[in-house]
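I'd like to ask some things about the structure below.
For clarity, chains are labelled A, B and C in written order, and residue numbers in each chain start from 1.
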Amino acid sequence: MKNLRKVLQSAGAVLAVMGMATAAQAAGEVNILTWEGYADDSFIKPFEEATGCKVSATYVGSNDDFAPKLAAGGGVYDLVSPSIDSTKALIEAGFIDPADMSRLPRYEEIYEKFRTAEGINHDGKVYGVPFSWGSIPFMYRTDKFETPPTSLNILWDPALEGKISLWDDKSAIYVASRVIGNHNIYDLSDEELEAAKAKLIEQKPLVRKYWATAGELVDLYAAGEVWISNTWGGYQSALLAEQNIPVQEFIPEEGAEGWMDSWLIVKGTPNEDCVYEFINMATTEEGQCGMSNVNGYSSANPVAAKNCMSEEQFKALHQDDVDYLDSLLLWTNLRDRLEHYTNTWNAVKAAN
Amino acid sequence: MSAIVEIQNVTKTYGGKVTAVDDLSLAVEEGEFVTLLGPSGCGKTTTLRMIAGFEIPTRGRIMLAGEDVTDLPPYHRQVNTVFQDYALFPHMTIQENVGYGLRVAGVPKSEVGPKVKDALVRVGLLDKAADRPAMLSGGQKQRVALARALVRQPKVLLLDEPLSALDAKLREAMQVEIKHLHEQLGLTFVFVTHDQREALVMSDRVVVMDQGKIVQSGTPSELYDQPASAYVADFIGNSNKLRGRVVDIQGRQVRVKVLGTEVSGLARQNGISVGDLVLMTVRPEKVQLLVEEEEAGSASLLSGTVLDNLFHGSTCRMEIDMGEGEPFVVDLQLRTALDQANLAAPGSRVRLAIDPATVSVFPDDGAFAS
Amino acid sequence: MRETTRRQLTATAIVSAPLMWTLVFLFIPYLVMFTYSFYLKKFPTFVPAFEFVNYLTIISDPQYYQVLLRTAKIALTVAVCSFLIAYPLTYFLVFKVKSARLRSILYMAVIVPLWVSYLLRAYTWKTILGNEGILNSFLVWSGILSQPTDIFLYNQFSMVVTLTYIFVPFMVMPLYASLEKIPRSMIEASKDLGVGPLRTFWHVTLPLSMPGVIAGATFTICLTFGDFVAPFLVGGPNGAMIATIIQSQFGAALNWPLGAALSIIMLIIVLTIISVSDRLERAGRIDLN
């Protein structure tokens, strides 16, 4: 195993030398483990042609998929794009290499709030390059509500029995805690978790289904099963708009969670050149607007976004609104509290 | 005596194509032991199954004790069947098997017990009452099947080749046992078999069937001594066959030119005229071997060369070359040691005397050309 | 190398290949799983240990037996429903369909859906049972309901319907085999002894087909026990089954030791079911000759 790694490293070195020799054409490959919209042909194809780096993408359905895939053994992926609450575990588990800042010339353009996020900084080194962000707002069928909902309390309204959905994720605990009034949602004590659990069990008879994938939620709305739920801001609402289902996103009074995805380099990657080529592409105009156009998420690099977005799009994605960004409860790694959150959520689902 | 089973012009066809039973009529007298005999596919089992109610006749009626049962399902007929594979219920004990019909019919337990016990005593299996069928031998299973069928006191007992799965020795023992059972119970038995010896041993009357029709019906000795057709003569027992042309007919006495001489016999069928080609059959034990210059009397005389002597214990089968055709077979009783010592050795010439009364003559339709 | 030695080696290779396969892909993973179940969860992943903490958690935290109980309840219901559907169907195929050709065509029609993707078949039920699904549309159209009801989908009812539909062939196959094996003379003998068709079925046919019933029930129960797709697709808020929880321990919670312990417990349950059913089948196995 060690020998193999050595061979791979030296192979990487040889490739690096070759890469320098033909600077424009860093012929090679980059294997990424990411979300489906993050490797869209609209910006990947031009990248491959320009750099000669062949991109092979494998998709995850959830943040929970990164760690098991990396834990199962190395040498398969070069780059991963977990959300900010899942990065720390990967870094501390030793799955990730720190980034060589000298090879990321435009890093400083990224929002400061992201650059300084605890989840990607470790031992004074930077382990992740922020790429995209958004909120977990709520969404409702405009044709089913006379007055637009504003508070999360509506999710406990018996009048909506059978029309409510929540993300099948620990996020449900964040929601319940905010309703109870516990706004320290990433640092809940055991008692506060119990309170959230009770609140969620109380809600169960009203819930039609806990949604697990983006497509599932879209189907639930399209089939008229669900009228209100949380959502991945910008993404599902756009898909529903295409089907002419009238939905509207809103940030509830109790606030919304925010999320941010970064690119992390898998430890010992043999494809360093293509990896950096890819990150630089992804976090500048080509990749930032490519990502925003495909997914409807906001860009992490406002400078690049400004260059490639229309004025309307720039505004719609809150790229100019730092207050909005600050109002979001940015996901945080739960560290050893994670299992308590997960078990609390499982206990809710197990309850009859 | 009155007919307990009456089959009236019954035809059974399958899918409108295969005719298993063809316009068959048969009456079985009360207390009679009747055997349906024939090769496989002759319709004997189908006939039995129509009496039992497992098959519905395509045409014709079936009467049981004067009642038309043609359309009655098997569970409403007062007949019981002993199946070829015994069909014992594997998930029940022997006594549960025997008492099954009574129990399910709602006969009180206090009555079922003694009846089952009686039936098991009768077949000598009381000690196996609590066993499962899988633990019994073939003969024992056969007895259980008998007990199970008899315990309901049927009007007629139907037996569908019940002994075919047993080995020779056991089969003979069971033949006797079933025959005794019949005598003790005075019940009507309808027995189906393809084994002509079994049929001869057991039955009051044998009904020979071929291609869905009755060929001949009669007592075992009638069938044996006076076969109504070459088919019956061939199917029942062994026969020597001779072919020749009729030279003279006096009433039923027919004289036939065969093997360079003339042999006389009795016509078993009508319509034989002088000049016809006929088939003559004669039983091996009815042929007499003449000693030295002994006179043949009224008997026909043939001669040939001994091919072989096959020792059968109480008899010896002598094969004789007649110069043409199949070798002639003669069964000789060996009563004394002297008889055996005096047997003509292979290669020696012998003369055979055949009593015309033992020779059956049939029109030669070529059925048994060999 | 001498010819005999070579032949022996070939024979050994042929025999040992499946053995090796079983060892490498079955026993070793189980062993790894068993080892993990004693490890300890420690952020960010887990550390090797030999502790019974995970098993204690499963015993002490009510969520696990709640889910196990729910899974068992659904598995049993699926087995009973499969039996109620499969038995009349198979009985009809074996005893009532006279043409062997038609029989094998109908049998294949029952079995062939197994070749269609599980997901697709489960998904079909969403379009039937949903709020705007076929069933609701029909009920509203026919005037039985004034408004579509949501009682058909996203609950344990829809899970049982879907799982029953998917697993019915696993009930039909052993039933077909065991019904076909019953000699017709058994049934004739019963009727011959004066017993009508209904009671003949009850006293003879049904008991003799029990091995098939037991095998079918074992299949459906064990398959349901390990299912996590039906809860995901058509299960409601109360749809989580044991496999769902195991999946979440390996994924979301990143708690492989607990997931492994749960897997081992599930394995024990399934093996127990199989060995009990094997025993029942043996006890009820009947030499039909």
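In this text, contacts are C-beta pairs under 8 Å (C-beta built on N, C-alpha and C of every residue); 3 or more make two chains touch, one makes a residue touch a chain.
Since we're looking at a predicted model, the values are computed, not measured.
Trainee: So if I look at the partners of subunit A and the partners of subunit C, which chains show up in both lists?
Mentor: Of all the chains present, none is in contact with both subunit A and subunit C.
Trainee: If you count the C-beta pairs in contact for each pair of chains, which pair comes out on top?
Mentor: Looking at every pair of chains, the most contacts join A-C.
Trainee: Just to be sure I understand: the centre of a chain is the mean of its C-alpha atoms, right? Then which chain's centre is nearest the mean of all of them?
Mentor: Centroid comparison flags C as closest.
Trainee: With centres defined by CA atoms only, which chain is the most remote from subunit A?
Mentor: Looking at centroid distances, B is the chain farthest away.
Trainee: Averaged over CA atoms, how far is the centre of subunit A from the centre of subunit C? Could you give it in whole Å?
Mentor: Whole-Å distance between the two chain centres: 37.
Trainee: Could you grab the centroid distance between subunit A and subunit B? Build each centroid from C-alpha atoms only and quote it in angstrom.
Mentor: From the centre of subunit A to the centre of subunit B is 91 Å.
Trainee: If you average the CA atoms of subunit B and of subunit C, how many Å lie between those two points?
Mentor: Roughly 56 Å, centre to centre.
Trainee: Hunt down the residues of subunit A that sit against at least two other chains at once, touch-wise.
Mentor: Not one residue of subunit A touches more than one other chain, so the list is empty.
Trainee: Touching residues of subunit A toward subunit C in the complex: what are they?
Mentor: 62, 64-65, 67-68, 71, 88-90, 92-93, 162, 169-170, 204-205, 207-210, 212, 219, 223-225, 335-336, 338-339, 342-343, 345-347, 349-352
Trainee: For the complex, which residues does subunit C have touching subunit A?
Mentor: Those residues of subunit C that touch subunit A are 41-45, 61-64, 66-67, 70, 126, 130-133, 150, 153-154, 232, 235-240, 244-245, 248-255, 258.
Trainee: Hey, which residues of subunit B end up touching subunit C in the complex?
Mentor: Result: residues 52-54, 73-76, 79-81, 83-85, 87-91, 100-101, 104-105, 133-134, 148-149, 152 of subunit B touch subunit C.
Trainee: Okay, in this complex, where on subunit C does subunit B touch?
Mentor: Subunit C reaches subunit B through residues 183, 185-186, 188-197, 199-200, 203-204, 207-208, 284, 286-289.
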